[in-house]
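Per-chain numbering from 1; labels A, B, C, D, E and F assigned in written order.
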Amino acid sequence: MELLIALSIGVLVACGVYLVLRASTFPVVMGLTLLSYATNLFLFAMGRLAIGVPAVIRPDATVYADPLPQALVLTAIVIAFGMTAFAIVLALKARGETGSDHVDGEVDS
Amino acid sequence: MLSMVLPLAFGMVSLALLLSLYRLLVGPSVPDRILALDTLYLNTIALLILFGLMQGSPLYFEAALLIAVMGFVGTIALSKYLLRGDIME
Amino acid sequence: MMHLPILPILLPLLAGIVLLLLRPLGVKVQRMVSFGAGFALLMLAVLLFDASLSGQRQVYVLGNWSAPFGIVLVFDQLAALMLLVTAVLAVGALWYAIVTETDAQGRHFHVLFQMQLFGLNGAFLTGDAFNLFVFFEVLLLASYSLLLHGGGAKRTVAGLHYVVVNLVGSTVFLFALGALYGALGTLNIADMAVKVAALPAKREGLVMAAGLLLLVVFGLKAALFPLYLWLPAAYANTSAPVAALFAVMTKVGVYAIIRVHGTVFGAEAGNLAYFYAPWLLGLGLVTLLLAALGVMAAFQLRVQVAYLVLASVATLLIAVGLQSQAALAAGLYYLVHSTLLAGGMFLLADLIVRGRGDYADRFDPGMQMPHYQLLGGVFLLAAMAAVGLPPLSGFFGKVWILQAALPHPWHWVVLATVLLGSMLLLIALARSGSVLFYKVKAKPDAADPVITETIPAFGLSMVAVLWLLAAVPLLVVLANPVSAVMERVAAQVLDVSGYQSAVFAPAVGGK
Amino acid sequence: MDFSSINLPLAVLLPLMGAGLTVWAAHFHRVASAWLAGLVTLLALLALLPSLVAVFAGETLIQSWAWLPAMGLDLAFRLDGLGALFALMILVIGLLVILYARYYLSAKDSMGRFFAYLLLFMGSMLGVVLSENLLQLMVFWEMTSLSSFLLISYWTHRSDARQGARMALAVTGGGGLALLAGILLLGQMAGSYNLSDVLLAGDQIRAHSWYLPTLVLIALGVFTKSAQFPFHFWLPNAMAAPTPVSAYLHSATMVKAGIFLLARFFPVLSGTPEWSWLIGSVGMLTLLIGAYTALFQHDLKGLLAYSTISHLGLITLLFGLGTELAAVAALFHIINHATFKASLFMVAGIIDHETGSRDMRRINGLLKYMPHTAVLAMIASAAMAGVPLLNGFLSKEMFFDQAVVASNTSMWAWVIPALATLAGVFSVAYSLRFIHDVFFNGEPINLPKTPHEPPRFMRIPVDVLVVLCLAVGMLPMFTVAPLLAVAVQGTLQAPPPEYSLAVWHGLNVPLLMSVIALLGGVAVYVVRQPLFTLYEERVKGQQLRHVYDWMLENLQAFARFVTQWFDRGSLQDVLFWVLGFTLLAGLAGFLSSTAPLLGGRELLPLDGVSLAVGSTLILASLLSVVLHRERLVALVVLGAVGLVVSLAFVKFSAPDLALTQLSVEIVTVVLLMLALYFLPQYTPRISSVWRKWRDGLLAGALGLGAALLALAVMTRDTATPLADYFLANSVPGGGGKNVVNVILVDFRGFDTLGEIAVLALAGLGIFALLQQIKLYVPTEDSGGRAWSAEANPFILQMFSRILFPLMLMVAVYVFLRGHNLPGGGFIAGLIAALAIVLQNLANGIAWTAQRLRFDMHQWLAGGLLVAAGTGLVAMALGYPFLTSAFTHVHWPLVGDFELASAMFFDTGVFLVVVGATVMILVELGKLSRVGASIPKEGA
Amino acid sequence: MLDAALAVLVLVGAFFTLVGSWGLAKMPDFFMRLHGPTKASTLGVGAVLVASALYFSFNADGVSLHEVLVTLFLFMTAPVSAHMMAKAALHLKLKQVERTRSAVVESGVANSYDGTPFSRKE
Amino acid sequence: MWNKVLPHPLLSVFLLLVWLLLNNTVAMGHVVLGAVLALLIPLLTLGFWPERVVVRHPWVLLKFLLVVLWDIVVANLHVAALILGSARTLQPAFMVMELDIRSPLGASILANTISLTPGTVSCELSADRRQLLIHALHVDDVDASLREMKQRYERPLMEVLQVC
């Protein structure tokens, strides 16, 4: 199972990185979104994986998943959302100002 | 008995998931892919409820509820994009 | 006063909220509130700095959850120093923005400005690695908007690059933090140091990788080679008060390295003690050379100043990389000098841009600008300080660092690089000053733009420039007490066990 | 405070402070600044006088205060014989130059500025010679370079002045940096930066392994400052300065600073073969080249400049010889050279001033126009040539003598005296040229002005100096002897050796050499024509300044090349470096330890469903890359990826995360769609194949790295039971069963405060960004079809309105249960926001805005205020910020329920999330109404 | 008895879910694909939800009916989604299999919302 | 007066029900809370429902709902068979239904009902809301099929909801 998660993280990172390195703003933002998915999964996995344990305190339960990484991921998700939103609007702004979707502000060719 | 059929049910829903993924992969048209995504949402709800049954935990309900509510918005927005481009006007 | 450490965080936050609420009351009210808050922050920073001189660390246990479980703020001399520098810079930048009405060129300038301070101060005070991440994001997002304040194609493109690069940086930050948490099981910086000191050998590679990833993140903020490419365009194309405030942004990265790496991988970290230092030193040297070449290659003043910022950060990182108390003290001295100087220079560059009309700050001979004597004189002083010529603070900072480098095995390289860098800066700045102030046309060409007769609000603008540049002579005149403080700050920073015992001391009060 | 304990710094500070005053004084009357400058100089001289008595008695005065003790930098001044000699030269000649300059400067020139610079320089120079602390010496040293830059570039409109000044600054400032390094090393070796200590540590230093580098570095400082070969080229170019500046800086002071340093460090560094070779050979070369080149200058000041170079070479050579007597000769020549060269420069200035030209091919026969000046010039030139009965002769004799003494040591012995004589020959020749060409040699040719004698006071300084030349030359024992004696003592830090200042030493080898030099000089001057031709054809082009220019140009080009290559303003490049470096850093981290990559923790078994879900994730991500050109499709696929990620969170027992991820993912997709409307629908193919491979490889490597990093952690056990604390304290301490939520709003509520601040900032930032944005609004889709005419499909409208209250209900539900069950303010906020967004989607923004009149700014402010206020209440009650409290309340009818402060905090979160999300999406949605004003690109 | 009912419901639900996706994957044109997921899957999910409601009503304390809500939501949203997607497909003039009998003039479908009513094809 | 406080009593009842369903409880506390919300939310969203919705024959509505539910189940089996069978034998069709129902809500519900019942998806509603374009997966007789739908769904809906 851990292998599968690691593989997923790896693929997400690879896809995200590849898209981030593209020359137009939209793929870059998509790449950033993929990267944030990868980050969330990674951060979450850092609390180790646990299947079928209760998510809230129950009198009869003794084993729980590590809640801290979950809280961190929540924070990270929110922040990534704000950042992505900003980035995409900025991409629009750049298009408005430079007339181009190219990340370096040159006219699309 | 439930515990016996659950793996089977999981298998069927997983297969459904993969079939939807297939449609997502091959398209061919954009509405096809939107439909595939919509179906993925449905499959996911089923999967979640099955999880809940397997774990005996009611905590998966909200996720299902949310998908039912939110997935709809996604599909609507995508369809409207095809129709109007400007989804909020 | 128990709540002292959190006040520098709360003050700008509340100011930001109040500004947002008072939005309908118009720009005048906004200015008064914002500047008032900035000034209050400065007073507070002075007060706190004075309080820190006792050498006592103050730990503020947020939510009354003691470390390592809750988040703590650790207020020590280094934090106090950073707060003070930031506040001084902020007041100058804010003043300039108000008198030149830069703040009215877009929306929400003052809210964003206060939130930027909120983020900065939070980053300086927090004792928790993840909380540091959060404050980094706060200050970054505020900085994105501030950077873009006013608009324009070049600014937007530069902003886009800045934003995307920092988003990637945030991703790496989270990966590094995640790996550290996974390997050490804690997020509190002091606790991390405890865990690293007792780290099983089997986890060393993992922790080192995470530590270096973290160095990438901080290096990105600090503009370390090869991560600095976002900086020149971003700083050169934003509005002057923002660029001035940004002078402290790179220092946040340096601060984070000193704080996080210096504590977690400090003297007690066994095999991992200071393993990052050679990276800093080596990359700092390369950065310095490239920055100096950049200063030479610049075609316009603001780009040149941006590269000067880079050079100063590189010098600072070299000091940190030398990894000795003397070098650190020297580095901190240099930090104060370079931050305020860079802020002043950006404002000065803006005045020059405004004085030269369409020639702006390009290194082409234009018409004589208004107030050229005063501007030229101030430019000369600033340039001297930037190059590191005596009798200004740049010289003392640089020499102190070099002196501290002598016991280090790499002293020849450091000596050669820093001095070569200074040489290049000297040549370049002599040229730019000469072009801007000396090489003026006697009469305009037919195709020339209209000559700028006056600079609006020149006197008031100049106040901000001089406010920031005052540091340059003051650091020299007061070198004796200032250097003594820096030595104590450095000693306190390197005292990891003292930091730990302060953090883990039983909290005051209780539930 | 006793005056005699602060007079040294006072002497230095007076001119420095006077610099500011002169600018101020010039506001009243331009000449006032000159008087003030003179007064200040006089005061400085007076300040020093009381101490001179002690110095002449052989004492060394030191006055010091701590300045930057951590660095070993004290504010420390020292007056000994050497310092006194230089200080007197600086002040006395300074006084004369000020007097001279007051008449030299024309009405157009700003006197305030000139004298300010001059005093600045004077103070710096005094600082150099009076420093006890070496770092402090460095401070003043660089200040002399800087103030000389200002002085040389005084006529800023002249490009030769600007260039000459920059060259001087670059060379001397650069040399200063080398000197700085040398001094740092010296101090490190001596253990102190105080001269007194360093002077005592000579043996130790000479035996140190750093000795040679230190020597070279210090020599570099000396050579650049004192215009020694190969750095001498700046001096002739500095002649663009006003002549008083040349008279002061380039004869008596600035260029002597390097020499001063040689004298200062003589006891510490001299006496080794390295010293002799380095200093001696450079001095010799400079002596010859300077003397030779001087002859061929047509510019008066150029001749004097090269002559100066030559004489500086001579002094350097003397120090390089390393003997005590050579040092005596050197010091003596310093004094002599200062007097005659300063006066010659002043004469050159007078001639320039009165004729309007400095070209010796045009200035001829001035004797009859300005006889007085001519006499002065001839005496000074004769001194320069080393004619007996003048001061130049005495020191030159001593030089020849030492050259002969030095020659005793080697087989090539004759070389040094021979070369010295040769230099003497040229020296005589150019002195002769100066006199003959200018004052005789026919009539002036085509001069701008008719020459006449200068104002009386302009000539007085020259008179004084020439009288000094004569007095020293004829009566050395009664004039210069005491000063020289203390200077020698100060230099050697030992009692002076036996030497004689007599005019006549009998017939000996040095006298013979002098005679040869005089006769040879006359001979060379007589047959100068072929030499001139030779020089013009062969030598003139080979100047070092061209090398300097070439180097500077190439350096500039190199800088541009490197900078533009590395910083080409491309985001792709920036990201490539960042990501590549990240890979490198991670890799280096793993490789620098021998610890195994993976641990031995037992892994969870893999099941079919997970495999299906996992492969969905992987395939969908890959698909989003493959299809990324078709942006809308890629977006759909991205939605699927987000969905599967949230499914994974469910699988691994994190429902809160799943809910959040899911909501955010939908909002993100809607957001991206809103943006996509204004962007091209397809990404053009820009990347080259090579670029794709490069990016692909980097992406793959980083993906692999991330996977390995994840595995490396996951295959090891958790480190510490931090989680146990949270689990144990969540209910009793935080009052909530949902630990994740309690962490968010209580244990780590501060994080959340920052997080909502980020969100609020994103909203505000986006609001600000969208204000002046102008975008092309497409009227047809990418396939060229017109948009559907129906803005708001009817069925959608109806059902979205039905859903609205339901969704709000769900939001409230999710919010209220958050503390104990999965949910909370954030998710609830997103649901509520999405409910509002749905209304905008289905009914249009205007329609919705009419019915929901909220200013989202107030929501943001209110939310932040509520959240922060929760913390402030705790502070008011005497607890730390954000301390939580909860209680159970019993209400009739309703029953028991829990009231927690965290709930208020969560309300703040809710408000901010709704505010920010709605603000972002709706503001973006509004864009199509303000746009449409710019054309589509390419159209 | 309950167990058996649950098992049947779960199996039926999973089956219909599968059938929906099967249809999605198999059908030759978009409009035909639309039928499977929007209905079969909806019903399938509904069945699973009912099973869940039953299960928790009997296995936990108190009646659990909130699964009904999910079903309710789905029944409200799924047709709207389908409608919107169909509209989009019509707008894009997606190809239908040739044997589809069309009661509508081509242009009438494509620009369906220019306000004119559909006209019958003869 | 009541119109002001309780603009949509039906909606409020419905919301209270939803609240109790959500919380899976009929505890007094939740009833009170739910009631408060059920009052507040309609007030908040008042602008979205300017006109009152009048339901005239609740029993007809109930019957309609049951019929639809039954149709969903039965017809789903049918469609499942169609899907699993050979796709080549299917006879898809676009049909136009002339609407008699005038209530906007009614038309929407009808369209949705048709979409929900298997085999048919309502694709397009004309601007005058008098025609509905339906796609059917498999029909033998278009007109018969249309007639049946009108009979089963439109009629009861018209009874329940009529524009006043």
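Just so we're on the same page, a residue touches a chain if its C-beta (ideal position, glycine included) is under 8 Å from a C-beta of that chain, and two chains touch if they have at least 3 such contacts.
Computed from a predicted structure; not experimentally measured.
Think of each touching pair as a link: the shortest run of links from chain B to chain C has 2 of them. Counting steps between touching chains, the shortest path from chain A to chain F takes 2. The chain with its CA mean position farthest from that of chain D is F. Mean C-alpha position of chain A lies 31 Å from that of chain E. Once the centre of each chain is set as its mean CA position, chain B and chain D turn out to be 60 Å apart. Annotation: 12 Å between the Cα-based centres of chain B and chain E.
One simple way to say how far apart two chains are is to compare their mean CA positions; for chain B and chain F this gives 22 Å. Residues of chain C in contact with two or more other chains: 130, 134, 137, 141, 144-145, 148, 151, 160-161, 164, 168, 175, 178-179, 182.
Multi-chain contact residues of chain D (touching two or more other chains): 569, 571, 575, 579, 635, 651, 655, 676, 706, 709, 713-714, 718, 722, 726, 747-748, 751, 755, 758, 761-762, 765, 769, 788, 790, 793, 795-796, 799, 803, 806, 810, 821-822, 924. Residue positions 20, 25, 28, 38, 42, 45-48, 52, 54-56, 68, 75, 79-80, 82-84, 86, 90-91, 93, 103-104 of chain A are each in touch with at least two other chains. Here the chains touching each other pair up as A-B, A-C, A-D, B-D, B-E, C-D, D-E, D-F, E-F. Across the interface of their complex, chain D is touched by residues 73, 76-77, 80, 83-84, 87, 91-92, 111, 113-115 of chain E. Of all residues in chain E, only 3-4, 6-7, 10-11, 13-15, 17-18, 20-22, 24-25, 30, 33-34, 36-38, 41-42, 44-45, 48-49, 51-52, 55-56, 59-60, 64, 66-67, 69-70, 73-74, 77-78, 80-81, 84-85, 87-89, 91-92, 94 touch chain B in the complex they form. Residues 11, 15, 18-19, 22-23, 27-29, 32-33, 37, 41-42, 44-49, 104-105, 107-108, 111-112, 122, 125, 127, 129 of chain F are the ones that touch chain D when the two sit in their complex. The touching residues of chain B, when paired with chain D in their complex, are 10-11, 13-15, 17-18, 21, 24-25, 27, 30, 33-34, 36-37, 40-41, 44, 47-48, 51, 59-60, 62-63, 65-67, 69-74, 76-78, 80-89. Contact residues on chain B toward chain E in their complex (touch as defined above): 1-2, 4-6, 8-10, 12-13, 15-17, 19-20, 22-23, 29-32, 34-36, 38-39, 42-43, 45-46, 49-50, 52-53, 56, 58, 61, 64-65, 68-69, 71-72, 75-76, 79-80, 82-83.
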